[in-house]
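Multiple structures follow.
Shared between the two complexes below is subunit A, which has subunit B as its partner in the first and subunit C in the second.
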Partner chain A sequence: MTSSVTVARIGRIIAAVAGVALLAVVLTDHDQVTAVFGGIGSGALYAAIALGVVLTYKGSGVVNFANGATAMYVAYIYDSLRTQGQIFLPPLPNPLALVEGALHAAGATGINLPDWPTQIGTGTPMNFWPAMLISLAASVVLGLLFHFLIFRPLRGAPPLAKVVASVGLFILLQAIVTLRFTSQALAIEPIMRKQPVTFPGDLVIPFDDLVLAIIVVVVTAVLWAVFRFTRFGLATRAAAENEKGAVLLGFSPDVLAGTNWVLSTVLTGAFGILAASINSFIDPFTVSLLIVAALAAALLGNFSSFWLTTGAAFGIAMTQSWLGFLGTKDWFPHAGSGPIPGVKEALPFLLIVLVLFLRGDRLPTRGTIAVGRLPFSPRPANVAVRAVIAGGLCLLGLLTLSSQWRTAITITLVGTIVCLSLVVLTGFLGQISLAQMTLAGVSGFALSKLVTDWNVPFPIGPLLGATAAAVFGLLTAIPALRVRGVNLAVVTLAFAVTIETFVFKNPSWNGGLRGAAVPPPHLFGLKFGPNDVTSFGDGKLPNPFFGVFCLIVVMVLALIVVNVRRSVTGRQMLAVRSNERAAAAVGINVAGTKMLAFGLAAFVAGLGGALSGYNFGSVTALTFGSIASLTILAFAYLGGISSVTGAVLGGCIVTGGIVFTGLQEWFHVDQKYSLYVGGLGLIVTAILNPEGIAGAFRKGVERLTRTSARRRVPGPPPVPATEDA
Partner chain B sequence: MTGRQRNIVGVESVVRRPDRRRHHRASFAIIAVLCILALALAGCSTSKSTTSKGTSSNTKVPKVSNDWALAYTGGKAGKADPSLAPVVIGYVNEEGGVPAFPEATQGFDAAVQYVNDELGGIQGHPIKVEKCFVVANEDGQKCGTRLANDDNVKLVITGAMTVGNQALYNTLAAKKPVLVANPVVTPDFLTKGVYAYTPGGPGVVQGMAVFVGKYLKNIKKVSVIYGDSEAEVFGAEGLLVPKLKSFGIKDVTLQKISDAPTAPDVQNALTAAGASSADVVIPIVTVQGCIATYDALKSLGIKTPIVTTGLCFGTPMTKHLADLGSTDTVPDGWYFGDYGYSYFVPEKASGMTTYLAKIRQYGPSNVEYTGFAGPTFANVMTATKFYNQLGPDASTTGLLSAIKAFKGPMMIVAGPMNCGFSPLFQSLCGTQMGIMLYKNGKWTAVASGVNNKPIDPYTS
Partner chain C sequence: MPLLATKDLRVTYGGLRALDDVDIEVEQGRLVGLIGPNGAGKTTFIDALTGFTPATGGIRFADRDITKLPAHRRARLGLQRTWQSLELFDDLNVVENLQVAADRQSTGGFLLDLVRPGRPRDRSAVEQALATLGLEELRTRMPGELSQGQRKLVGVARALTAGPQLVCLDEPAAGLDPTESQAFGAELRKMVDRGVTIFLVDHDMSLVLTVCDYLYVMEFGQIIAQGTPAQIRADARVIAAYLGDQGARNDPPETSP
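Moving on to the complex of A and B:
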């Protein structure tokens, strides 16, 4: 114990000396100073979003992935008030539409019943202050809605449910704005002047960046003071440490959480408007995506310290800016004509992972009243019957249905494989990974390289690709030995960003100009790629045998996962998921179990990535980016993250899968609603049905079984009706 | 005490929850299903877009006759006969997600309506459209499969896509001819079997380098900032830098920014790239990046000349300038690369006046006509020309031959067409581009089809 403390102390001293030395070198060079201070504006934006994240975490234990999206949403409200004097409303389900639909079906096509309004307001463009105040009032409403409708019901839920709900909120807010305004950028009138401020030494910083940075620092100081000296702040800190204790002291965690949510959304909304003003435009994604850097800063601030968070945000941005400058130097490693990609995006994240790994056991965990359990992971039963029915139906669909459905089934099968990997990792082991699609991508890109550059034949190519993914999965497992819960989620997100920028966008790996092509598979002269024409069936694309091949892979992997769950290894994983210390106490090798699960899950995801490559004929960074990893986790959770059935259902609801195809074909749900419905579905599932669709289905079947069993059990013989009776 | 009681109630409610939850879940589930159904049936009724009214540039365009269009397409004046079998054209565009290019569809729809209403359709047969939109990679494959399997579709036109391109082409190429209106990502340039009647990004970017190296004087240092997409990275690193170096410009600093850059990102990039001491800054970025570049230059006090692409003009930039109190439609003193003709200096010979008149007539009131709408409109007109030559029953083989053999002139695009001229950019048929300068409220053709001096980067 003493030696480890000494090592850590020496490490900190070395890091501090190295930091000071580096700073001294940087400060002697005017260009480097300019580059470093050029990061102030970005740092202020990161800090602005990160402070909201810390506030909500302190207040409610929720790491809000939607905080950047909230800033963006409020900025849109502000802009529509400024330009049109209106507040837009989200698309709302119209009950009259059901009546109208029924009437139309009955032949009364001329009837048009009223729709919901799409916006409310005066229609007269507003001045700055009224628009700002109404926008902040809207932020209060948003905060209350987020708290009461989404996160208050989830207060006893496991971290995973909260992550999924906030991912759902992220998707929902973006979808609403896209539906109302399209995704095109809108110019927004700047609030502050666009002019330079010159400091001694010819250091130039834009005026609006400087103002935002000052505001951020002032807000940080105010928040620090509030949480240090006021009754409300102290109560929030107490509740964050120990909710039970706070309850006993007479504080309501609910009220504290709600107040912090409102504070957070108001602060985030105000910063969102300022950010839009600095950018001079708004679109659904620019500010929303700042959440990745903001999460990193909040994590370095332990999700608790405002000063550390703000400092980390500025540190990350200024380091990135400095690295960007170094990229222009001849000595900097190059890939083609440009500097090697990903360094400035990835290095801060690598540092974060390192820092977290070194201090992992000191990361705070929230002491909630009720610690929610992860969804129940049922022991698989009737596997053969289920496999035959599901596989048979799928096979029948692939061989008989139209091309559109064949495509949808194939996409569903590929999605199912990645969901299966999450079943192992999250469902069985309880580790939240936001990098599973990235691991699938590692396999996809490796497969492309193996097949196109080295002519590695099928099926060795995809197996080697999946093995590469497994190796990267084991790398992800290293931080997981020290970091867990939401912190691990953020670390894996950082890992995903790193791989995305370092590997997927590196011309040496992504095929450069020509892209990373994946030629169709063939075995013993038989071509069965999706675009290989066959005379079987209707003879149209896609080739049904590619779908059959995917089905075989899914069946094999599903059986493997089922057997893992049934085996001693599976029970060990569940034990680790339940309580690592208890598992270790009964002799389970926790580290080994984690490594095994990470490796296996990555291998499975890797096979999914390889099949995805075959399906689309190529792999791209976009398909396997960090946002895709967030989305697939959400789909897996929606389906049911703790069972194979859940993975299958998760596969059904992925983009382009059979559920969305059905919604489009049968219910004519416009494709543009898919994100909206998906985001809403995630939130509803996280709140009402943490075990996902599969869990609900299982419970329904159990209830039916119990009911029918009760009916079958003979009751006491009927007593003849007599006068005495 | 009150607080304590409230807390106790709060704690109890956690314990009681499971009983109540079951009923709540059932009712919520029913409500959720009804909501989805209602949303489904409501369809577009609840989705009326409230896009803020754009202020597209108010270039005055005289009323045009149909002479040019009839001569170009080989059609006959009048309406198409709705009783005749339609000619079905497939159309794929990226819409409904992030990003989206609805303006391409506006250009496509306007052209189809124009042909059907005024140019006699295709030998009297109306054009019917099979549309398919992509949001994700999966959709590219779905659209490709759908259009490949539809025997009525003999030709497919794409609007603008950044996702699903490769999947779409893998499915369609070599089976049906594909006309790419706006080649924006690498599969659009490189895929054999698809065709683009513009110089595309490669032509424009290399043309900009030729302009900097040949037309601007004493250029020694160039700062380049570019987005993180494959096309932008390749455009900057793979095309621009080698071409600049071929003109003896050795000092080229590159700075990459994210696909969704904030203003501070762009400021950092400009600072790191040494924009203040450069002779020229070349931003290869989206319109957000352009706005951020304009602001960053002001905020940092940098006055270096800018050479950029047509992505930097359009409604958002014009509105931004208006917000800052400027009456300019685009930043003053900037050079813009284009396909050889300008939306702002319309002339008749290239069909620009026809396009501008008809996009306003048939497009929505706030149509973004300076972007992807133009080439998409032009592709429909050119496809109509091929069909009029081959007849409404044209086969895919016939269309493919006509497309490959087309030598121009192409509507609103400069220069001759020469499909397959580049062994690398196999899809590209256009070879020439133009540079326009906006200065003191006026557009000047520096090297453009407008002044008969377009740049051919492949021969320069």
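Moving on to the complex of A and C:
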């Protein structure tokens, strides 16, 4: 109650300030007016995606990070109907592929067993209306699938699981499109003409932007009216407050949630098609990442008001467009030949931080029946045995296997480090970060700068880089002191996008197309970079000793994380994760514990970023972009977010790691399927098995030992001291 | 000098005064009770004392002004509490729930933890609290596996483990049957004998009237009476408040002689 009052007040203040500023601009400069209204098309797109987010939040309490990806997905369906008369299907598991793989391995390479179709349709390009209608029908199906297969089973799950599932959906949708169409942009024939419309005062707006903006405003009005005046709207609002309330009105919360999901995907899909038409192209990333600006708008609308959301979306886009115009001025800070990048992207981020920080508490909470538990974090057991076995196998592999496998092992080791950082942050502290690869990247880029510009020697360079990452990690922790759960995910995603454009794509930092160079490490004249030739073994690249170096780093960091879990620090983190109020009541400094975990996690991720830089010889925006942060979360969660074993398993399944290299070698499964498997696995894990592969393994072992223990005589009573020696 | 004293303690939610200028004193080594009907503001008072709700006025504890201290600092000074809603750490087992309350961490301690996590720590407080409340058998169980009554006892044990000077118990006896409640009362007296000061909030009149040394009665956020159990038993306003008599409510708040 009080929070929504405050938010309304903040919203009003921001609107008033924006209004006054706008007016001042309108009165002074015609060019600026044109620049501001140049943002009207993007504003409509942000609003469209944000409205879908608000709808699903009202209907089911889920903040759907995949809503931009949904728009992108439907646009691809439409385009493939228009140009080829076909609907593409996601890759489906085919048991025959295993048989085929075995036959090929046995030498029978001539045999080809049938596969699932990748497309269905007539093959004749369709006209606009049939293509549009079939796309919208597909949106209905998507909405139903999202609701029934993913978010309905997660009704009682903690917010973390819902965020993780929607991130999984984001990755999955993108992976399907990339598999079917590659990640290259496709040109799209515009639906509407682009001729500008001239308004009084020589204000010029492209026709299609104007139409889209009008449609968005009309849709906002209709949604407002539906939620205001119909029984359906009333029941949805009631269910958002209290699900039992909706039951009393004679509505099933489940049906309401499903209906809102379908409404949301249909709206989002339709706008996705219009967006593609306005941009004249589609690719898997651009529209998907509009979610950041859309989330900022939805937050300003408090995830409930359609009008505030739409207004905020236009406000953000028009301010961005204005900032773009200012970038053409001489006084604007420059990087390379152009204005500094990332200013536009920083705006939604700053708005999000501002709103969340002023408001402090979470989104309007939802009265659900029960909230489930976070994944259990087991006490580390048999650490020495596991370390010796895993480390020994890894060492053996590095020293004996072929060059391809050495590369795979190194990539697995680097992935494990970033997964370890997520174990500390998400597994122990229960806080979510969608920016972990970004933090790794901060360290990687810092390392590049330190070594190429200032010749900082080996162990100091990566340590300083990781320290830089830790500083940025502490910065992300500041919002986490006041916000948690979904909101923190929103903040960190916006942070990732901002740093990606502000730093990683900044020409004075990123070294152009080839990336910022990271010279190989050397210590006491001993070179052990991946491309330093050694006479050991097959003499080919990569140098096995670089892998050994990575292995040592992983072993040390894994031990540190295990020690955190075994010590007071880890217990305090778990206490904060369980219950912040009770933790403060027993004297735990909640803010301090959070800062510590964020700093430590960022430091660990930073070491991962430094090793990644050494491994590739350079750091690029692609390696450490926001999408990379989402996917590493997927692999870490799939492996097991709450234990070191899980982090190691997560490292095994990253793209280019040992699992997919094995699948490619032995079953001819292409590496490009790794994101598809990662996204799908993430969703399945969030729903069925929150502790990931490591948890499933641990439970299996426990069940086995319990069965064998029952056959034996009862053992001695439990030892009183539980502290490890 | 009392161990704890509040002066004009006030909490407002929106326009509503949940606590209206409450003055309470708790002497060292005593068992002081606070009773009142549902919604009188008893839990709000504990929240304000321990730093979980913003309040105006003054709180002095162990010769310090703690009004502006954050909750965890108050806890470290020895002002402990339990929760009505049993806020145990569900991810930690019973013994870890207690250890977390006993351990104090420093920056150096954190760095040392990274290399030597299991260095020996003083476990006597944990063991003593487990023994006091008869929880030794349950030490490795998870909170989710315990009964409601057992969870309450773990909550009290956790507060004791932190080495408190004063423990605020928020309805610890709710849900206990009369025999359990009586046994629990006896345990409380033993703790007081061992030097822990207790501030007990409960509805269970028979428990409160038998174990407490001194009592405050709260209604609508105000203290309407205070005194020894015998004085409270005889107080007309208290009887009226518990019977819900309108006439008594409109009386101006006064303190008993």
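FYI, the second predicted complex is superposed on the first by the 613 of 725 C-alpha atoms of A that agree within 3 Å, B and C clash if a C-alpha of one lies under 4 Å from a C-alpha of the other, contacts with A are read in each partner's own complex, and residues count from 1 in each chain.
Just so we're on the same page, contacts are C-beta pairs under 8 Å (C-beta built on N, C-alpha and C of every residue); 3 or more make two chains touch, one makes a residue touch a chain.
Keep in mind that this is a model prediction, so the values were computed, not measured.
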Please work out whether A:D670 is in contact with subunit B alone, subunit C alone, both, or neither, and reply first, second, both or neither.
-> first
Considering only touches as defined above, state whether A:T400 meets subunit B (first), subunit C (second), both or neither.
-> neither
Touching partner for A:D79 - first (subunit B), second (subunit C), both, neither | first
Check whether A:D283 is in contact with subunit B, with subunit C, with both or with neither, and answer first, second, both or neither.
-> first
Which holds for A:A583: it touches subunit B only (first), subunit C only (second), both, or neither?
-> second
Check the contacts made with subunit A and report whether subunit B or subunit C touches more of its residues.
-> B
For A:R571, decide between first (touching subunit B), second (touching subunit C), both and neither.
-> second
Return first, second, both or neither, reflecting whether A:T122 touches subunit B, subunit C, both chains, or no partner chain.
-> neither
Considering only touches as defined above, state whether A:F376 meets subunit B (first), subunit C (second), both or neither.
-> second
Do any residues of subunit A touch both subunit B and subunit C, and if so, which are they?
-> none
Interface residues, subunit C side, partner subunit A - complex | 14, 50-52, 70-72, 75-76, 80-81, 83, 87-93, 95-96, 99-101, 103-105, 109-110, 113-118, 120-121, 123, 139-140, 158-159, 162
Residue ranges of subunit A in contact with subunit C within the complex | 1-2, 373-374, 376-377, 560, 562-572, 574-575, 577-579, 581-590, 596, 718, 720-725
Listed in rising order, subunit B residues that touch subunit A in their complex are 3-4, 6-7, 10-11, 14, 21, 24-25, 28-29, 32, 34-52, 95-100, 102, 133, 135-142, 144-146, 148-149, 163, 166-167, 170-171, 186-187, 190, 228, 230, 233-234, 236-238, 241-242, 253-256, 258, 260-265, 267-269, 271-274, 286-288, 291-292, 295-296, 298-301, 315-320, 323-324, 368, 424
